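Everything on this sheet refers to the single structure shown next.
Labels run A, B and C following the written order; every chain starts at residue 1.
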Amino acid sequence: MADAIHIASSCHCNIVGSFEVVNWISKHYKGKFHALNIGGQVVSGLFKVKAVSANHSSSMPDGTYGGVAMGFVINHPSKCLYYSGDTGLSYEMKLVGDVYKPGIGLFPIGGTFTMDHTDAILAAEYCGVSEVIGLHYDTFGPIEIDKTMAQSDFRIKNKKLSLINIGESVDL
Amino acid sequence: MADAIHIASSCHCNIVGSFEVVNWISKHYKGKFHALNIGGQVVSGLFKVKAVSANHSSSMPDGTYGGVAMGFVINHPSKCLYYSGDTGLSYEMKLVGDVYKPGIGLFPIGGTFTMDHTDAILAAEYCGVSEVIGLHYDTFGPIEIDKTMAQSDFRIKNKKLSLINIGESVDL
Amino acid sequence: MADAIHIASSCHCNIVGSFEVVNWISKHYKGKFHALNIGGQVVSGLFKVKAVSANHSSSMPDGTYGGVAMGFVINHPSKCLYYSGDTGLSYEMKLVGDVYKPGIGLFPIGGTFTMDHTDAILAAEYCGVSEVIGLHYDTFGPIEIDKTMAQSDFRIKNKKLSLINIGESVDL
């Protein structure tokens, strides 16, 4: 949840999350929430956000149960993004490819607690994307990576791995 | 668990559920239980009930961990029912099709916390059923649906969506 | 976790487990730990151990949430073992076959809380192994099995089911 409360209060926006996560965070922050579970969808303007399966645990800061981990497919008429969430490689990513045909993947690449970049290349193949924005790497020791090698391994498979610096923005 | 205790005490029947759910409910009700986990099977007369995977969270009324969500395949010599449980669409439904070849699906269709009817059509394709009984819709605001459109969308795909009123029964 | 602390303290070895399990056990034992989540990998000498998905609940002895259940793929230059963990049959086992091409499966075969031997034959087909070492059977009533029938059913499918006695060791 990291900066969720800070962002939501700055932007006056809703927080979308699993029933259990929303339930927990609503005790710490009096904002607007949209609770869902896997299969649920939120529509906001031209955006449709769909909750899909992720292979990861979900415990809250106090150790209580945080529901099941989720990824999100973010659909806009101009483009479809698949944010896998923290997850290991899964056949459910083939389902995302079949049903949503995403154009870009936002995938963890740091290993240890998620996919590493080798798994992320397979994830891109499973869901049919050729461009991946890397997440969940280099922020602490166990998930430090060799960025040059990761990007090179993607290129060998005719895929692109974009790595964005903190504060940087990209046009999709 | 809703009316589980009421039904079990009225019918003097066993309650079948996951280890964690049975553990919790047995503190509130002194009945007979049959605990299992995914892959487990209960045989009762001509019925075989098999626990299969579902993509959903499972927390108890007090917020504690309720194990993993489950669906159930209910096998009888005359017919095989696949009750998916509350779940999002999943490739595991293809496994149910491969292994059990169910004749009827009992699927959630309300969205937000489960599949909507569009996902349920894909679920029917994944597991190879042409008839679905719709569940988990219209009981509160976030899961209200357009029943006419849902049934029409099923028909377009050469499938049948049956919607049963509370108290109504159907012959399968 | 059973004998994990006893084994770790006898062998002075690390305990590898999910973030939530390691967190819990580290309150009861002051040893060395390696926490990971699905997709994570531990390298030790010539061994690479990769955490993969399993379909099972994970609650700690005090009922608290123990993260998601895991299997482990144990890679050594001479052989690749797939220890599925306690699990039901899953399409994720096809992923293990595609990515790791294991030579031997260590699968539960006792039913009720895991796969039974019939599911384990399908698991072997899903991940492409012809030899399985059976686990999680005969230690208490609900998971007692007919060992002769189980081994015969494997043979019919041109697969081998090895059942090892407690204290016995095998060369792989």
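Just so it is clear, a residue touches a chain if its C-beta (ideal position, glycine included) is under 8 Å from a C-beta of that chain, and two chains touch if they have at least 3 such contacts.
Not measured: the values here are computed from a predicted model.
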(request) Fit subunit B to subunit C on CA atoms, both being copies of the same sequence, and give the resulting rotation angle in degrees, nearest 5. (result) 120
(request) With over half of the numbers shared counting as same, classify the subunit A/subunit B interface as same or different. (result) different
(message) Could you work out how far the Cα centre of subunit A sits from that of subunit B, in whole Å?
(response) 28
(message) Using the touch definition from the top, which residues of subunit C touch two or more other chains?
(response) 64-65, 91
(request) In the complex, go through subunit C and note every residue touching subunit B. (result) 55-57, 59, 63-66, 69, 86-91, 108, 111-116, 119, 122
(message) With touch defined as at the start, can you tell me which subunit A residues reach subunit B in the complex?
(response) 18-20, 23, 35-41, 51-53, 64-65, 67-68, 91-92, 94-95, 99
